[in-house]
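Think of it as A, B and C in the order they're written, each chain with its own count starting at 1.
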Amino acid sequence: MDSLFHWFDLVGVAVFAVSGTLVAYRKKLDGFGVIVLASVTAIGGGTVRDVILDAPVFWLQDQSYLYSIFVAAFITIVWVNKNKDFPQIVLEVADALGLAFFVVMGVQKALDYGVQDMTAVLMGTITCCFGGMIRDVLARQTPMVLKSELYATTCILGGIVYTQSLNFSVNTEVAMVLSMLATLSLRLGALKWGWSLPVFHYVKSK
Amino acid sequence: MDSLFHWFDLVGVAVFAVSGTLVAYRKKLDGFGVIVLASVTAIGGGTVRDVILDAPVFWLQDQSYLYSIFVAAFITIVWVNKNKDFPQIVLEVADALGLAFFVVMGVQKALDYGVQDMTAVLMGTITCCFGGMIRDVLARQTPMVLKSELYATTCILGGIVYTQSLNFSVNTEVAMVLSMLATLSLRLGALKWGWSLPVFHYVKSK
Amino acid sequence: MDSLFHWFDLVGVAVFAVSGTLVAYRKKLDGFGVIVLASVTAIGGGTVRDVILDAPVFWLQDQSYLYSIFVAAFITIVWVNKNKDFPQIVLEVADALGLAFFVVMGVQKALDYGVQDMTAVLMGTITCCFGGMIRDVLARQTPMVLKSELYATTCILGGIVYTQSLNFSVNTEVAMVLSMLATLSLRLGALKWGWSLPVFHYVKSK
């Protein structure tokens, strides 16, 4: 189980590193600017989660995460250089997959540290969203998490599905799959059909 | 006393959540973009303080802070939707109140962890300013704390009043009130009369 | 030895505080906006390093770092007001010196906490780069670390020189000097001759 979690974490780190590398490409960054964006996207959220939980930071004693970032960034660079372009959908699906993996990992780790359900859902959301948030701030673009296409909302939904499944004594593996399916389908649906969550009634729309 | 501190903390969190929600409204954010801005404004500064002090992060084992954010954000949304507009002064006074509460809480917590006076004042200033700083960075506006109307300065003054009052054996409650009055009056005065603290002699003013 | 390290740290903090103050001057900030930028530049990177290592934050129990920032900022303000201008090269050399000091301190502290070489080099890079990164984000300019003139790269090289020198049983002081020379010469060379590290083949250059 721990080993399965470790692989999930590595895959989540890799897809987020791909998303960071693609943003670096679109911003015409070079050299280690790519590595910086790939790294903060991939391990930023989990680092903030671990620091807040006062847990040992997950990549500190285990270099496999850093290798995962380097390999993912390298493959992305080779692919982008060969194909000169990439569809927006690739970035968005990579991101959605990262969300689905990370929300489960974040909520589970928070539960391991004994916090209550609502706080655990918040920690899962931080794991998902803070890496991309730091990436967007550094790349000087509006943080994706603040835009209206249900970005943070999908993390919160995925976290609620996971904690509630556990509360109803669902098997952990099943709860993980349910949560990831919920996150993925809400996020991809929001991207495809432009779902949003209006809160303020602005006088003139847009 | 601890219970009084807890209530102060909840009020500080609530007024900062209002300020985050109002920024989200002015930036035309929606859905959980509002919750993200309200939350980082409300608990960002205290989280950075606790992480640096290696104290347990204050909202991790106590969900009342999260409820406080949700309630404050909800009331603000309802009010804004009903009134379609809000005066700038509301945002500024809410922020000044948050400063006054948080500087005392931050300095006191740092003193509890055994740091010296000057460092405690710095920790109080971090508690006050970092939440709003993260809010402004995410909302892509110039951080209020860098502008010249004595923002960080008021926190430093409030912190100095508090630590010096304690050094002169003033009762804790009285020291808290003195410090909050100092913070509030300097901040509101700076807003009303445009006080600033020039440091550089620029060749052409402005 | 520890005392030598402490002095190195103080000098690194001071040159980074100078760089933060100069950015504040160029952005026409005033008052404590200067102190905020000087402080985050000077102690931001080391703070992030210590928080991730779960080490006591280096300036928390030792006010000499704060005095170092104030003195460096004060001298810079006096100098700038007297001379009305400063050459870009001053900012860049101050920054390069800060890098050279901080990469060694960061790598050594990470090694003291038992992390592996590659992770220690990363921690050295974080020590060097995160303070300036936060400074640039707050001052709303593109983070220097993302630009192509080998900024993070020099930190990584300096860190590798240090860890490898230690692995080849070089005396600690000699390893420090070698690492600092490597960092300084690569950074200054990159600035002088515009070295960069192209990764993506963009269809049109620039």
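In this section, contacts are C-beta pairs under 8 Å (C-beta built on N, C-alpha and C of every residue); 3 or more make two chains touch, one makes a residue touch a chain.
These numbers come from a predicted model, not from an experiment.
A.B. asks: Hey, how would you classify the chain contact layout here, line, ring, star, complete or other?
C.D. replies: complete
A.B. asks: Could you say what rotation angle superposes chain A on its sequence twin chain B, using C-alpha positions and rounding to the nearest 5°?
C.D. replies: 120
A.B. asks: Would the interface of chain B with chain C count as same or different, where same needs over half of all numbers used to appear in both copies?
C.D. replies: different
A.B. asks: Averaging only over C-alpha atoms, locate the centres of chain B and chain C and give their separation in whole Å.
C.D. replies: Roughly 29 Å, centre to centre.
A.B. asks: Residues touching two or more other chains, restricted to chain C: which are they?
C.D. replies: 51, 54, 137
A.B. asks: For the complex, give me every residue of chain A touching chain C.
C.D. replies: Residues 24-25, 27-37, 47, 51, 54, 56-57, 59-61, 63, 66, 77, 80-81, 84, 137-140.
A.B. asks: So in the complex, the part of chain B that touches chain C is made up of which residues?
C.D. replies: Against chain C, chain B makes touches at 51-54, 114-116, 118-119, 122, 129, 133, 137, 142-143, 145-148, 150-153, 156, 196-203.
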